[in-house]
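We call the chains A, B, C, D, E and F, going by the order they appear; numbering starts again at 1 in every chain.
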Amino acid sequence: MKKQEKKVKKNTQTGKKHTDHTTIANFLYEIGTLRKLMRMHRQVLLTDDMSDSIASHSYRVAMISWFLAKEEGADPYKTVMMALIHDVGEARSNDHNWVHKRYIKVFEEEIDQEQFGSLPYHDLKDFIDEYQKRESKEAILAKEADTLDQILLLREYEWGGNKEASIWLYGNSKKNIKRQLDKLKTRTGLLLGEAMYSTNPSDWWSSLWTSKNR
Amino acid sequence: MKKQEKKVKKNTQTGKKHTDHTTIANFLYEIGTLRKLMRMHRQVLLTDDMSDSIASHSYRVAMISWFLAKEEGADPYKTVMMALIHDVGEARSNDHNWVHKRYIKVFEEEIDQEQFGSLPYHDLKDFIDEYQKRESKEAILAKEADTLDQILLLREYEWGGNKEASIWLYGNSKKNIKRQLDKLKTRTGLLLGEAMYSTNPSDWWSSLWTSKNR
Amino acid sequence: MKKQEKKVKKNTQTGKKHTDHTTIANFLYEIGTLRKLMRMHRQVLLTDDMSDSIASHSYRVAMISWFLAKEEGADPYKTVMMALIHDVGEARSNDHNWVHKRYIKVFEEEIDQEQFGSLPYHDLKDFIDEYQKRESKEAILAKEADTLDQILLLREYEWGGNKEASIWLYGNSKKNIKRQLDKLKTRTGLLLGEAMYSTNPSDWWSSLWTSKNR
Amino acid sequence: MKKQEKKVKKNTQTGKKHTDHTTIANFLYEIGTLRKLMRMHRQVLLTDDMSDSIASHSYRVAMISWFLAKEEGADPYKTVMMALIHDVGEARSNDHNWVHKRYIKVFEEEIDQEQFGSLPYHDLKDFIDEYQKRESKEAILAKEADTLDQILLLREYEWGGNKEASIWLYGNSKKNIKRQLDKLKTRTGLLLGEAMYSTNPSDWWSSLWTSKNR
Amino acid sequence: MKKQEKKVKKNTQTGKKHTDHTTIANFLYEIGTLRKLMRMHRQVLLTDDMSDSIASHSYRVAMISWFLAKEEGADPYKTVMMALIHDVGEARSNDHNWVHKRYIKVFEEEIDQEQFGSLPYHDLKDFIDEYQKRESKEAILAKEADTLDQILLLREYEWGGNKEASIWLYGNSKKNIKRQLDKLKTRTGLLLGEAMYSTNPSDWWSSLWTSKNR
Amino acid sequence: MKKQEKKVKKNTQTGKKHTDHTTIANFLYEIGTLRKLMRMHRQVLLTDDMSDSIASHSYRVAMISWFLAKEEGADPYKTVMMALIHDVGEARSNDHNWVHKRYIKVFEEEIDQEQFGSLPYHDLKDFIDEYQKRESKEAILAKEADTLDQILLLREYEWGGNKEASIWLYGNSKKNIKRQLDKLKTRTGLLLGEAMYSTNPSDWWSSLWTSKNR
């Protein structure tokens, strides 16, 4: 231990300024609170799924966006990074559902500037700026991933019996229209959205099942 | 809607095979269950923090690993992707803490092959293989990020009053040794680990506080 | 049952318009979601107390405000009603802690107008308007009750071991200053705040304890 | 701070006895535990809704009772106060569902006397006594609000997929009888109960929806 | 399947009456609700440990009582069975902490009669009757196990930072008296209680720890 | 207190070695963590029922196994003890659902040896060894109880609206085949399984209902 601490000391003299690492550590504590921030569609879906936090949501959005980027020939690195930070600002604004948006103004630019602007690297600030503009292929795909995660969640809630989720997915009529597909903007997004509707949340394990111990 | 559905149909004829999108959708449902898998150190830390799931953990590990890669001059894309998928296998094995490891063998190679091998792209399989070897700079840093997230969590639990977390962080003696630093293997890891010990989990908001409405 | 339904029919013909009762029912469903809205100081206090919702908070604030009104010679009815609805708007805006306030503008007047303006009675709209102005004795006391509930909660969290709550209550120094009292504005508020600091959260049951069955 | 503390000191000399404020503070800590007391119909409804505590329930009952009082020309202040305290006794008895009632005797008068009798004001004791008698208009309406909150909850649980809640609401037969209306005793109660059955828990937000940021 | 169903049919004709199995199934659904009944010391300990249900509590009490019976030379079968059912009645009465006991009468004999009296076997009724009398060695030990589980829980909560648990364990003075030992009545109970105080909740895994995968 | 402590001292001199009681206390702390271990079918059933822990599960399995032993003329003591400890090993291996089993080897014999081998009595080790062999009547019945508890849980989840639970119970086809009965191996198991399918989870309280206070 002693040896290590010396190593750190030495490193701090020759290497990066200590303040930078403290800045990063603080940022990491900040994004740690994203696992305590529940996504607010829970209010209107009347669900008690506490596992759907900004952190766990952003995790799957990042994974979805990677596939979208690969399929659409976009830069997967940039798309994933945008997905990872697309809701980081909610640590400072809280999440707002589609009722809240009606009555709330979030000063996103200030958040983006103050969260990312003082970090040792400028890349995250650049990523979030590009994402907010929704112009580049990557920005559009990261947003598409956000929408697709919503479909996955609604399907999971429908599977648990939630009637409101069913209405969001299929509407109130008997026609069973796949309403959520309307929000999708890309070819791959539509194909994935279709697949999410037609596959059941439990299909992935249906072929893996075993009752035998090894 | 109708128009969109036609668009999907046409796309499936000229573009990717439909099965691929179903395969991806199934994979996304599978990793969705990572938010239901609690990290098992909770058993030995006697904590009730249900927000510390494999999904929310992997999220912060990905963010940490990005900073490590930037500081250490590694490929940030590869490092982040490894971090994102480093625990995906636990969807098929469950998480195991340091007591469980003693009595459990996980057939990781089979999991890796069956989870990633049939996906339309081979990149994720390559990433996990490289991560498992722990040889490349990126693999070492993604693992380092995993360890650093543990320090952040322990500090957060210590802040909530958890005595076991304090013992893990500082040992039982009065010397307050920073025990967790022993596990770190890189220069930046050590500097960040030091910063996590010396910064408090609430420092990030101490300068942001306001009681005024806009 | 049949008889009752007829009674309702008849009543709807001679009595209030049916729409009014639907409006009230919708309002009651809306405020029902307040029990799903967690108070957001949990993000910065790192607490997992899911029982601290806008609904349960508003409940105790109403009770506190009743005592304040009695002690200060204010109108207890008005004070209690203001307390009951002081956070109803958060059903449409979500709750925001003292970090969020920095980056968020809530269009409260629009919320107040749209939530209360179309209800069959105008009293609630009047109460919330008076509360927002913070001029009347009753408005000041309802707000004071809000602050006092915060002290009670911090004391309860301190009792559970939360270090951040202790810092909020006493500051970081060793002087153990009762920091939260600074926010109080009325004589009774101060006296109650003092009492909340000096009484322990478990004192109320210390004289009630029995191990005997009746 | 110092100035404030002096102010308190001075006030305690000239004003109310300090013991009174301690008594009130203890009472407020006691009713704070109502948010930890789950309503026990959850046992028989097999629901995991931890947000339905005595505190959050009492909150909505108070709001319902206000509307009932206004519609029925009763004293809204008295009705609301009765609603607010109608379950405070459960801090000392725990909640009991309709199975428990069969096997339990609660010495309510002792609870009422010991909880409210030593408070600095006698009003709460008077309110609870009047409520327990169920004779006055206000007492009947506060109880009616209690029943109506049950209908709201059952409808919310039905919306989440709970089959038992559906049976409670409509019975087991195909006739879809509105069984819960049988428990209602007042004209407005019936009209509101009808409206709760015919309105869906999500109707309130259907016209508020927006996807645009401000 | 068809073959099995025939087998059941045949069995029901020659074997036990079908009603008995329905009676048992209903009893098993009833005791299933014990996992939804939180132990009520949580109200006064201000803990959010939802895992401490009547079911999980009874589980450990049964295990403790087995050791007590072995050490004290009592009948382990009878002792364990008493422990398993000692709180089954709470499915019909709810749990009551030491404040509740002051204001509540539970008609335990009626519960015991109605829960166990109509089961196909009379043994459980005999066990509960013997337990309620607290005369036999086994009854005394099953109760002792109940008390010892409380010590274990308090130690676990103390380990998580809970100050109230510390007061229950050691009192308010600085003398650190082991207060809970006063409640113990048997030699082995005292020895085990002592050991629970002197061993830490995490000692069991301290020698099992490994970071190596198999 | 002093007297008691002396008594303990004296006892430790003449009686059992102190280490034994520490060993037992450590074992009891270890099995206390079973209430923190969620059963992993929750991952594939997408349920949020945190009350279904290894501890609460083992509790009902013990009760079921008692009835099975009585009906089948087996030794109820042995059967109950096997049920109580049948999952104790999961404190050291974690729980694994039917997907996990495919990729995991649990070194159960080592766990059994290290958990039970050093306890002051050898009985528990003997019980677990007999259970693992699944040869004796008692071992078969304890396992049958494990399966029956799964049926009870699936029925409870079906009752809450869970579609996946319905598929597990009845299959995907419209034929409503009672699929879970296939897993049962004994006559009483089948009869009880049948009864669990035909009785509803709420039937037990349908005749107990009362709205009258005593």
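Definition applied: a residue touches a chain if its C-beta (ideal position, glycine included) is under 8 Å from a C-beta of that chain, and two chains touch if they have at least 3 such contacts.
Being a predicted model, the structure only gives us computed values, none of them experimental.
Shared contact partners of subunit A and subunit F, listed by label: B, D. Rounded to a multiple of 5, the Cα-based rotation taking subunit A onto subunit D is 120 degrees.
Chain centres computed from CA atoms place F at the largest separation from subunit C. Averaging Cα atoms per chain gives one point for each, and the point farthest from that of subunit B is the centre of D. Per-chain Cα centroids separate subunit C from subunit F by 43 Å. The centroid of the Cα atoms in subunit E and the matching centroid in subunit F are 14 Å apart.
Distance from the subunit D centre to the subunit F centre is 38 Å, each centre being the mean of its Cα atoms.
A separation of 32 Å divides the Cα centre of subunit D from that of subunit E.
The multi-chain contact residues of subunit F, meaning those touching 2 or more other chains, are 36, 44, 46, 48, 50-51, 92, 99, 102, 104-107, 156, 160-162, 201-202, 205, 208, 214. You'll find the chains touch as A-B, A-C, A-D, A-F, B-C, B-E, B-F, C-D, C-E, D-E, D-F, E-F. Within the complex formed with subunit F, the residues of subunit B that make contact are 33, 36-38, 40, 42-44, 46, 48, 50, 91-97, 99-100, 102-108, 110-111. By the touch criterion stated above, subunit D contacts subunit C in their complex at residues 1, 4-5, 7-8, 11-12, 15-16, 18, 21-22, 24-32, 34-36, 50-53, 55-56, 58-60, 62-64, 66-67, 70-71, 76-77, 80-81, 84, 92, 107, 114, 120-121, 123, 148, 152-153, 155-156, 177-179, 181-182, 184, 187-188, 190-192, 194-196, 198-199, 201-205, 208, 214.
On the subunit D side of its complex with subunit A, the touching residues are 48-51, 156, 158-162, 201-202, 205, 208-214.
Those residues of subunit C that touch subunit B in the shared complex are 44, 46-48, 98-99, 101-102, 104-106, 160-164, 167.
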